[in-house]
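What follows is subunit A paired twice: with subunit B in the first complex and subunit C in the second.
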Partner chain A sequence: MIKKYNVKKELQYIVVFVAVIFFAFVPLFGSTAIITMSTTIMMYIVMAASWNMFSGPTGYISLASGAFVGLGFYASGFMSNHYPLPVLMLFGGLVSFALAALMGSITLRLRGVYFTIFTFCLVELVKAIMTWYEIMVVRKRGLSVRNFGSDTAFYAMLVMVAIALIVVIVVKRTRFGMALTGIGESEDAASHIGIGTTRTKVFGFAISAFFMGTVGAVRATMLNFIDPGSAFNMMFSFLPVLMCVFGGMKTFLGPIIGAIVFASLQYNLVMKMPQIYMIIFGGIMILAILFMPTGIVGVYERIRNSLKDRNSIRKEVADDANA
Partner chain B sequence: MSTVVNIVIYGIIMGGIYGLIAMGLTLQYGVGKILNVSHGEFLMLSAMTSCVLVKAGLHPLLSFVICLPAAFIIGFILNITIYRYLRKVSKDDATYESNAMLMSFGLYFILSNIGLKIWGTLSLSYQFFSYPVKIFGATIAVNRLISLGIAMVFIVAFFFFLNKTRMGKSIRATSQSATGAAMMGVKINRTMAICFGVGGLLAAAAGVLISMSFAPTAQIGLSNTVIALIVVVLGGMGSIPGAVLGGVLIGLVGQAVSFFDTSLVTVAYYLMIIILLLLRPKGLLGR
Partner chain C sequence: MPMLEAKGVSKAFGGLKAVSNVDIHVDKGGILGLIGPNGAGKTTLFNMISGAIQMDSGTVMFDGTKISGKKPNQICRFGLGRSFQTAKNFAGMPVHQNVLMGALFGKKGRSNAQAGQIVDEVLDFVGLSELRDKMVPDIPLAYQKRLEVARALATQPKLLMLDEMMAGLNPSEVSEAMELVTKIQKSGITIIMIEHVMKAIMNICDRIVVLHHGAKIAEGTPQEISTSKTVIEVYLGEC
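Moving on to the complex of A and B:
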């Protein structure tokens, strides 16, 4: 089957990838602060995009991102003195993939709300296990992580952004992505037409966990020191959700826009007013759900469509007048 | 022997409080279809407020009179404003359910950070019957026994409210089928708002009880939400007796495990629900 490509629709992908390529030059003339900020923003882009890849189409809201990022942190923490960064990223990703596959195969058979609760508690569980391990087994709180330099972290994160976005696009176009969408539309119907729903969900969840693990591994090298509190942080679970809701779930650009907006807000406000900015985030989240349930991207599309309608009406009126 | 008695009594005391929190959560989910992640924050705010009030000279039992109605009103107003509007604009129940949950995250952000803004990492506490008595060889602080008694009063009163009053009947009808109840003349919007308010009230009651025998901080919200969620899954989503049973079970297991190793309590809870979800996904008393 030959598929006709809609140029306008492809434009967003091209624009994003051109932006990614231009972004690669930031370390050449940016200061260290700008590089660190960009790296943080890119981490959230990967997290939001991979979260949206699974939870967007299926509607299964995962809150386990914090657990996967934390596993990435600890993968770096355990191995950073012996291995290069790509190995750490791969290892962090694979550990997260395995945990997600295991947890998914238990909970993804159940209704969505159980999955959410389970993933919500998963962060606390992994944190408890790591704390226990540090107190009882190694008897030393936290780990120091080798710093590979801000440029290395930046490029590692940039590569992850590119890979994650490519995977998001590829998944969207394959049978697998369509199966995920089908599950979100109607799970019963999806299983009736022969989609292995549980298998599809588990695999989708595990892939999104893989990316969170890899960016966690990179993030840890920027921090020099990690402990269970900083690694298994609930904020890592909540922020991708907030970003996707704000930007627009089920869209390609939504998570990217949300991540850029909130990560830069967070980066700039976290020191100045740590509590106030979270109150603002919460307020934005509630308002976004109430008044723009399709996110910024949805609002933009609605405005564009209504303009288009108005133009076409005007054209019809003009045509009528001419005739 | 006295250790076992100790574990059992403390387990039941914690179970009463957990049951109270979980009852509120399961009510909000079972009737209003709102998985309220900010539930623990109601508890935290109430616990901290009650500490402040007692420090200002109020009798601890009187702080119930202030915290509970306040929590009810806040919950009620939140429901009739944002949640009702959301329900009106959502295209179906599944959309409403997931959006309502996301909205409660927004509430969680706001409420938990209001607590952090006011109290920071401060730990507040007050003295209230804080002397021990011996029961069957176990040493128990009197304030914990009092809090168990109060928790039981709340649970019994709530069961009475649910089973004997007209409002309770409409709550049960709405939880079975909102559409059906609406057709039978139940004002489901009002019922849902009252349920959300009562859920907040129960969390606030648990908060005051916690402030009596422990030293609460502004960070206790999330961990209590997690416990309440585990209890609710254990007992069965939407089942009120399940919440009480699950609460007592979690309380007992928590105390027993923390006798050996405090840091493994969360792990034990989690293993319990994993096993339960594999054997009986609906929960112990789920429908």
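Moving on to the complex of A and C:
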């Protein structure tokens, strides 16, 4: 009712979900390497999609993803010997949700770059606390995590992809999603027409953190051993931002495409040229931001629109000639 | 009984007293004009009443409820709508969706169907029906300002605060805007407006408050204000 049904939009959702279903068959005939890589791609998709769900419409660029993924890591680390994977995921997600809600209610009053700086520091803060805990309290660095097998991790990630994408679509269609967009467009106007801006932002931030926590919990089980350095990794904070910029922010397909392209690029570069991988990777990122600020989806739309314009001009010329 | 009554409202930014100890009130169904030179504290006063900034001291009663200290979204739900001096529309949305935002969030528990109906009514009321599918940056400034008002009207306020709705408009657009303000008042909504366009203020307001350096220096009917010596000295100028 709020939005008129748009056939093309519906179509892209259907295509993505059919792809997700097909993806479920990968473990049946793929090698372990392929399964692991697919699991990583799916983790990136969840991270990018959930990051984009909050930061896309509101414009509040969060660099706290690393903290939430890390909490997921440690949820698995603490509990993997006693509980099944779904419980670990739920626990990791809820802890991240709680931290995001707490931090959000303090910091989401901050606007613009101050929020980003705070979230950046949050990762280091949580990492420092965890390091202190391990050194001073338990006197043992790192934790070993039970491995549930690559197939289990794969399917857990697949389920999270499906849930995350469904939540993204639902949020987009509800008043909550509209409120997030309103905040991004004009926060003053939003608050003066009755939107509880702080509450909306905190809730959006926390939902996005929930997903980071769940995939972190799965990821940890693939690593056997975790420590604060590997868990609270700034890389996890930057990845979703880069992937969304790369694929196209504020779109449904952007983060998905960004994550897939990004993960494959990263994988191939690491495999084929490990020494100069970061240099090439950085170069590609710079070129991407310079030449396609709206991401892959943006470039596609631009080409399509210019073709449409050209066709309509051609048609007009033809009509004129006929007349 | 006054619709809105602000008493002893003050705000200082560092050492600068933007608004000091100002009392204003507006009666139900009335139109109060707020005038004064640039930097007199008019918009700051608006911001304090609407909850956008916190006041240092003073109280604001709105329709029998104390609203000072509350947040903008709560104040909006009590029935106080406002527009902004520089249009703060949702630029990434089409015109009708801007109004829909006001309709959806302005009051609790509105269904989508009700909100949709409000959008149609409001767009028709302010005369934006034909532009409903246009994107905000594609419509002229006069209409963007109208959209500001439409968004506030969609929350169905009892009191509407208009901040320089006519600034930057040409004379014919000003007359249209004046008609709109009168129409809004006739529909039963109380209005407080900040304006520099004297023709508009003098014609449609039933009372005027003059601010200067954050203090209220005069108050009265348009007749009294236009003949007041102090007001002429600080604001209107000799002619």
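A few comments on the model shown:
As a convention for this text, the second predicted complex is superposed on the first by the 312 of 323 C-alpha atoms of A that agree within 3 Å, B and C clash if a C-alpha of one lies under 4 Å from a C-alpha of the other, contacts with A are read in each partner's own complex, and residues count from 1 in each chain.
Going forward, contacts are C-beta pairs under 8 Å (C-beta built on N, C-alpha and C of every residue); 3 or more make two chains touch, one makes a residue touch a chain.
The structure displayed is predicted, hence computed values, not measured ones.
More residues of subunit A lie in touch with B than with the remaining chain of the pair subunit B and subunit C. Within the superposed three-chain model, A:Ile207 lies out of touch with both subunit B and subunit C [touch as defined at top]. Legend: residue contacts after superposition of the two complexes on their common chain; A:Gly59 is shown touching subunit B, with no touch to subunit C.
Shared-chain residue A:Met178: touches subunit C; no touch with subunit B. By the touch criterion stated above, A:Met285 is placed in contact with subunit B alone, subunit C being left untouched. Once chain A of one complex is fitted onto chain A of the other, the partner contacts of A:Thr116 are limited to subunit B, with no touch recorded for subunit C.
Contact with neither subunit B nor subunit C is seen for A:Ala100 once the two complexes are overlaid on the shared chain. Within the superposed three-chain model, A:Trp132 lies in touch with subunit B and out of touch with subunit C [touch as defined at top]. When the two structures are aligned on the shared chain, A:Leu242 is found in touch with subunit B, with no touch to subunit C.
When the two complexes are superposed on chain A, none of the residues of subunit A touches both subunit B and subunit C.
Within the complex, the subunit C residues that touch subunit A are 50, 52, 71-73, 76-77, 81-82, 84, 88-93, 100-102, 104-107, 112-113, 116, 151-152, 154-155. In the complex of the two chains, the subunit B residues touching subunit A come out as 29, 35, 37, 82, 85-86, 89-90, 94, 97-99, 101-103, 105-110, 112-114, 116-117, 222-223, 226, 229-230, 232-233, 237, 261, 263-267, 269-270, 273-274, 277-278, 281. Note for the complex: subunit A touches subunit C at residues 1-2, 175, 178-179, 181-182, 184-186, 188-197. Looking at the complex, you find that subunit A touches subunit B at residues 59, 61, 106-107, 109-110, 112-114, 116-118, 120-122, 124-125, 127-129, 131-132, 135-136, 234, 238, 241-242, 245, 275-276, 278-279, 281-286, 289-290, 293.
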